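Worksheet: one structure, shown below.
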Amino acid sequence: MAQIGVGMLGYAFMGKAHSNAFRKIPYITWPPPLEPLLVGIAGRNEEAVAEAARRYGWDYATTDWRDLVADERIGLFDNGGPNSLHAEPTIAAAQAGKHVVCEKPLGRSADESYEIWKAVDATGVKHLCAFNYRFVPAVRLARELIEAAELGEIRHFRGRYLQDWGDDPSLDTWRFDPAAAGSGALGDLMAHVVDLARFLNGEPTAVHGFTHTFLEGRQVDDAVEAAVQFENGSVGTLEATRFAHGRRNAFQWEINGTRGSLAFDMERLNELQVFRADGDRARGFKTVLVSEADHPFWEFWWPPGHIVGWGDTFVHELHHFLAAIADDGPVAPYGATFEDGYRAAEICDAIVRSGRSGGREEIRYRS
Amino acid sequence: MAQIGVGMLGYAFMGKAHSNAFRKIPYITWPPPLEPLLVGIAGRNEEAVAEAARRYGWDYATTDWRDLVADERIGLFDNGGPNSLHAEPTIAAAQAGKHVVCEKPLGRSADESYEIWKAVDATGVKHLCAFNYRFVPAVRLARELIEAAELGEIRHFRGRYLQDWGDDPSLDTWRFDPAAAGSGALGDLMAHVVDLARFLNGEPTAVHGFTHTFLEGRQVDDAVEAAVQFENGSVGTLEATRFAHGRRNAFQWEINGTRGSLAFDMERLNELQVFRADGDRARGFKTVLVSEADHPFWEFWWPPGHIVGWGDTFVHELHHFLAAIADDGPVAPYGATFEDGYRAAEICDAIVRSGRSGGREEIRYRS
Amino acid sequence: MAQIGVGMLGYAFMGKAHSNAFRKIPYITWPPPLEPLLVGIAGRNEEAVAEAARRYGWDYATTDWRDLVADERIGLFDNGGPNSLHAEPTIAAAQAGKHVVCEKPLGRSADESYEIWKAVDATGVKHLCAFNYRFVPAVRLARELIEAAELGEIRHFRGRYLQDWGDDPSLDTWRFDPAAAGSGALGDLMAHVVDLARFLNGEPTAVHGFTHTFLEGRQVDDAVEAAVQFENGSVGTLEATRFAHGRRNAFQWEINGTRGSLAFDMERLNELQVFRADGDRARGFKTVLVSEADHPFWEFWWPPGHIVGWGDTFVHELHHFLAAIADDGPVAPYGATFEDGYRAAEICDAIVRSGRSGGREEIRYRS
Amino acid sequence: MAQIGVGMLGYAFMGKAHSNAFRKIPYITWPPPLEPLLVGIAGRNEEAVAEAARRYGWDYATTDWRDLVADERIGLFDNGGPNSLHAEPTIAAAQAGKHVVCEKPLGRSADESYEIWKAVDATGVKHLCAFNYRFVPAVRLARELIEAAELGEIRHFRGRYLQDWGDDPSLDTWRFDPAAAGSGALGDLMAHVVDLARFLNGEPTAVHGFTHTFLEGRQVDDAVEAAVQFENGSVGTLEATRFAHGRRNAFQWEINGTRGSLAFDMERLNELQVFRADGDRARGFKTVLVSEADHPFWEFWWPPGHIVGWGDTFVHELHHFLAAIADDGPVAPYGATFEDGYRAAEICDAIVRSGRSGGREEIRYRS
C-alpha cells in the first residue's frame, strides 16, 4: 500500500484530533487511499511534545518545526499550531514540496490568509484548510440534498456557533492573546459559520454587524453578530459567541428554500432536520439519524443507528485529503482549500470593518 | 359583579381570538375583575360581521365603527381591524372616554404609532397594545426569572419569528397591501420580536440590518434581518420572515446571562428551556412544562401537565387589562401600553432606515 | 338554532372541563349542531356547587342529582362525578330519556360497567364514555392514517400513562378511596391507555401483568404493568403509574407497522411523530404540528401552528356527541360508547386477575 | 509499557468494533493500563479473515481458533464470533490461562451460559461479557447518580430496545439461525435490556411475558414483551424488537425514583435526561450532554460538547478490562462478568418460559 510521511505541528487539542484521525484512517477507510506514517511532531514544550510523540506514535518529537520541513520522509505537513504559527511553517513546508493541511482560521486576518494561500498555491502542492465540519455526515448530506435541488431556491441561511466557556476573566490561553490568535470568537467560531454558509449556500455579498467584547481587559472579541446577504438572493443572520451559557458546542444552522428546509445542531451532530414541502398531510421536520448505508461516509462505519463522534469528522476530512493526494484530484469543493480559508477570513474581516464603520460592508475577494 | 360593555372592530382572525377571550374570562378567571358584555361588533362586510355577531354573541353588528364609539354602553373599545384602521377609530374611542385595546402593530410607522399613543394617552383612558405573547405562561415565567436575577447579567438576546405562508405569489390579503398593512413581516412578526426583546431584555440601543422582499411585485417586506445592541450591554440578532418552510409559527428566542439561559419556541408554547449555571454535575437545559400551580396564570387552569393553547394567551391578556380597569391599576409593565406599541415601531423603523442607509441606526424614543 | 338542555353532575376538575366545552362549542364549532343550554348542576357540597353554577353559568345548582333527572328541560345528562356515582345517576337519567355522557372509567369494575352499559343501551338514548383523548387532533390524525393503511400491517403497540403526583402518603382524595374510585392508576390512567390501544390498534386478546401498590396503607393500586397481545397479531406493553417523577401528564404511545410508525406524548399533544418507510434517503420521524387546515378538528380553530390546549379536547368530544344527537347518528367509532367503556374495564380487570393468578388472562367481552 | 497479546475470534461487526478499540486504547486512554498487541485473528472464511488481519493490523490470520488458544504470545482471548462459537473457544482459551472477553449473549441459553461461566471462572482468569452499553458515558453517569442515591428509592424501570431491520423475509444471516444464534431479539437485544436493568436497578425477581415471531418460517423470535418486578420493590416493562419501523438503534430506558428520574435513548447516546425533585420552580428534565471534564470516561476525550460515537463505548469497555488485568482488580461491578452474562440469560430464559406456560416466572440464579 502506498504511504505518505506526515509531519505535524501542534500536539494539544488539534494535535490529538488529527493524530487520532491518521491512526484510524488505515483501517476505518479500507482500503485507505494512502497509508499515513506518523514521522515527526513539533511543539514548543519539549517534554509535552515528547510525550505526545510517545502517546500517538510519532517517530520523533522536535521543538523546531523546521526539522519537519527539512525531513524528506515527510510528504504531508499538518499544521495544528496556534494561529500565529500558521503562516511561516505552512508556507515553508509547501515550498519544500509538502502537501499542507492548516487548521482554521488560515491566518489571523484576510491579508495574512491571502498571503498564505497565494504562497502555498504557487508551489503546486495540495492544500486543505481544516474546516472539519464540512465532513460531518449530516452536513455533507445537507450539501448533497441542496446540490440535488431538493430545497429549491434558497431564501434563508441562519447560522450561529454558541459556546459558553469564555465568561471567566481568570482564563488564560493563547486564544485570548491577539498576537497568537488574531481574534477571539471571530476566527475560532465565526470562521466555521461562514465556511458552512459558503459550503451550503454560496457566497455572501454583504454583512452588517459587529464584534463585541464583554470582559474588561480581554484583548479579543467575545461575540460576533451580523445580518447577511447572499449572491443567490437569500438573507439571514450570523452569530458566534463564547458567552452562551448552557451551549457547549452548539453550532446550529438552518437553511430554508422554496421546496424545503434543513436544520442542524453540532451537539447532535448525527442528526439532520429535514423538511420537504411535498404536500404530505403529515407535514413537519424529519429527524434524520444520518447513519444509513447510502449516507455520506457511512461506508466506513457501522450499521444504521450506531452513531459516530466528533473526532470522526477528522477521519473523513483527512481521508479526503489523502485521496486527493493519491489521485491527484481536487480538494474542492467538498474539502476547504486555502482559498476557502482566505475567503472565510475576508468575511470575518468585513464584519469587523462593519462594526467599526457602522456601515454595511460588501464582500470582495481577491483572486 | 361589575360589568363593562365591549365594542370590537374586526371579526376575522383577531376578532375570533378576542371574542373567545371575552367569553372565557368570566368563568376561567374566577372571579373575573369585570364581566365583559359583548355589546357591538363592527366590520366592513355586512353579512360577515352580522354572522360574527351571531356566532360570538355580540348584541349587534354594524358596518360603521363610529356606532361603537357613540354607544354609551361601551366602556372598552377593542380594535382588531387592519393596521390602516388602527389610528382613527382607536383615537376616537379614547376621546369618547372608552378604554382601548389595539392590535399590534399599533400604527403603520413610528410616526403613526406615536400619534396614536399621544392622542390616546392624553385622554386618560387605559390603553393596551395587544402583544399577546407577553401573556404566554412560559414568557411570563421567563420574565419573572429574569426579574429575580436568576440569569445574572445578560449577555445575549436572539429572537426570530419564522413563518412559511408567504412564499406564494398568488396570495392576496390586506397583509400584502402597504396602505392597509404598512409593512409585511416587519409589523406582523418583527414587532412581536422587538416587543419580547424589550419585555425580557430591556431597550435596544442600535440595530444594523435590513428588510427584504423576495417576490417580484410584492409591495411589502417578506423578511427582516438585523444585528442588535442593548442598553444592558448585551448583543444579539433579530429576524422575522414569512419564508421559512416548515416553520408554522416558530417565534423562537434565547437569552443568555452570566448565571443561566432561557430558550423558547412558540410552536411549543407550554415549554420553557431553562439552564442554570449552578455547578450541578448534571448540566443542561431543563424542559420546563409551564403548568405548575405556582406558574404564571396557572391559578386559572388545570392540574400540572394539562397544557393551554395559543388562544388562551388572549384570555390572560384581556383579563390583565380588565383588572387594570377595575383596579385603576397600571397596564405596564406586564401588559404592553401604547407607548410600548410606539417603541416597537421605532425599532422596526430603525431597521428599515438601516437597510436603506447601509448604516447602523441608533434607537431614539420620543417622549 | 336547535338547543338542548344540559344537566351536569360534578363541579370539580371534570365539571370545569365539561362546562368550558359547553360554553365554547356554540361559537368555536360554528354553526354548532345543537346549542347546549346550561340548565342545572349537581354536587354534594352545597356552597361549592352553587359557586360553580354562578361561575360557569348554570341556571341552578342542586345537591341532589335526582333533580336533574327529573328536570324536563334537560335532554343531556353529563356525569363527571366520582366513579361510585357513575352507575345510578347515569342509568336513571337514561331511563328518564336523557342522552348521557359519563366520565371514564364507566364503572368501578367490568361488572359495574357492563351493568351501566346494558341498562343505558336498553333505553335507546345516545351514550358517550368520555375518553376525551380520542379527540386530541393528533390522536384522530393517527387513527385516520391507520385507517388509510398508511402504517401497513401493525406489529406493535406500546402505551404508557405516566404521572407523578401519587408518591405522597399525606394525599387525601376520593381517588385513593376504593369505594369511591374502584381502583387507582388502573381506572384513572390505564383505562385511557387501553381505550386508545383499542381505538388505534383494535382488540387485545390477552394480557400478562399486574397492578402494584407502593405505599403502605394506600388502598388502591399505584401502578399497572402488562405485556399484551392483539387480535391483529401485534404485541406490546401497557403501563400506567402515578409514581414517575418528572412526568406530569405523559400519556405516551407508539405504534409500529410494516409501512410506518407513529408516536405521541400528551405533554406535547399538538404533535404527532410520523415515520414512513417510503425509501426516502432522508429517513426519520417527522414532528408533525397537527394544526393544518386539513387536520382533524382544525376547521374550528386558528391558522397553522397556533396550537390548542388540553381543555379543547372536550370541545371536540362534546361537539361530536351533540352532532350525534342532532343527526341521530352513531357515537362510534370516533367517540367511545358505553360499550367501549365496558370493554376498557374488562381489560383492566383482566390485568388485575393476571396479577392475582400469575397467569396470562384472555380478554373476553360480554355482548 | 507493559503489553498483552490479544487473539480475536470473529472479524465482522464485533471484530471491527473490538479491533478499533484495541487500536485506540494505547493513545486515547493515556497512559494505557496495558498496551494490547494484535497477535492473531480467527474466522471461518480464509480470505475474509486474512483481509481483516491486514486491515486492522493483526499479525496473522487463521481459520482455526485453536491456533489462538495455543499461541503463547496471546494473553487475552476476545470472542466476537457467532453465539454458537462462544462456549468451546472461550472455555478452551481460559483453560489455557488466557483472560477472556466474550460477546453477549454469553451462551445461547441459561444452561450454556452457566456452563461457560463456571468453567471459565474455575480457571481463575479474568472474564468480561461484552455488555458494552455499560460503558456509554451517560449510562455510567446514570449508575453513579443512582449509587449516590440521587434518585432516592426506585419505583420504576422501563427498558426497550427497538430496531427495525428484521421485517424482511428475504434476510439471511446467522442471527436468524437458531443453532448459531440460540434466539432472535431475545439474546441480541433483550439481553442488553436486562443487563442494564440489573446494572442500574438491581435484580429482577419475576417476569410475565412472552417472545413472539411475526414472520412465517422465521426460526427465532422477532420480539419480546414483558412486565417485570425487582428486588428493590420497583416494577416496570421490558421490550425488545427488530420490528419497530423508524427505530434504528433505539435502546431506551427510564428509571423513576422518589427523588428524581433518568431517561436515555441510545440514538442520542451522548445525552442523559435528568429530573430532580428538588422543588425548583423551573421543574423538568434536563438534557445533559454527557461530556464534561468530571463525567465518566471524559478524561480520555475532548472539550465539553464534542461528543463521542458508538464505537467508543468499546474503547471504554476494553480499557476497563485491561486495567483489571493490569491491576489484578475486579471486573465487576462496572464491567459485566460472565456471571452477569449468565444472569442475563436466566432472565431471558424466564421470559421464554413465561410465554410458554402463560404464567409468571420467578428469577432464580444458580451460584
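A, B, C and D are the chain letters, set down in written order, and residue numbers restart from 1 in every chain.
Here, contacts are C-beta pairs under 8 Å (C-beta built on N, C-alpha and C of every residue); 3 or more make two chains touch, one makes a residue touch a chain.
Computed from a predicted model, the values in this text were never measured in an experiment.
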Quiz item: Where the centre means the average of the CA atoms, what chain is farthest from chain C?
Solution: A
Quiz item: Which of the two pairs, A-B or A-C, is linked by more C-beta contacts?
Solution: A-B
Quiz prompt | Between chain B and chain C, centroid-to-centroid distance (C-alpha), Å | solution = 35
Practice problem: Using mean C-alpha positions as chain centres, tell me how far chain A is from chain B in Å, no decimals. | Solution: 41
Quiz prompt | Between chain A and chain C, centroid-to-centroid distance (C-alpha), Å | solution = 54
Self-check item: Residues of chain D whose C-beta touches two or more other chains
Solution: 247, 283-285, 289
Self-check item: Residues of chain B that touch chain A when the two form their complex
Solution: 155-156, 158, 160, 162, 164, 167, 208-210, 212, 214, 223, 225-229, 233, 235-237, 239, 241, 243-247, 254, 256-261, 275, 277, 283-285, 354, 358-360
Quiz item: Tell me, which parts of chain D touch chain A in their complex?
Solution: 13, 16-17, 19-20, 23-24, 26-28, 30-31, 55-57, 163, 165, 247-250, 266-269, 289, 291, 301-312
Quiz item: Where on chain C is chain A touching in the complex?
Solution: 141, 145, 272, 274, 276, 281-289, 292, 294-295
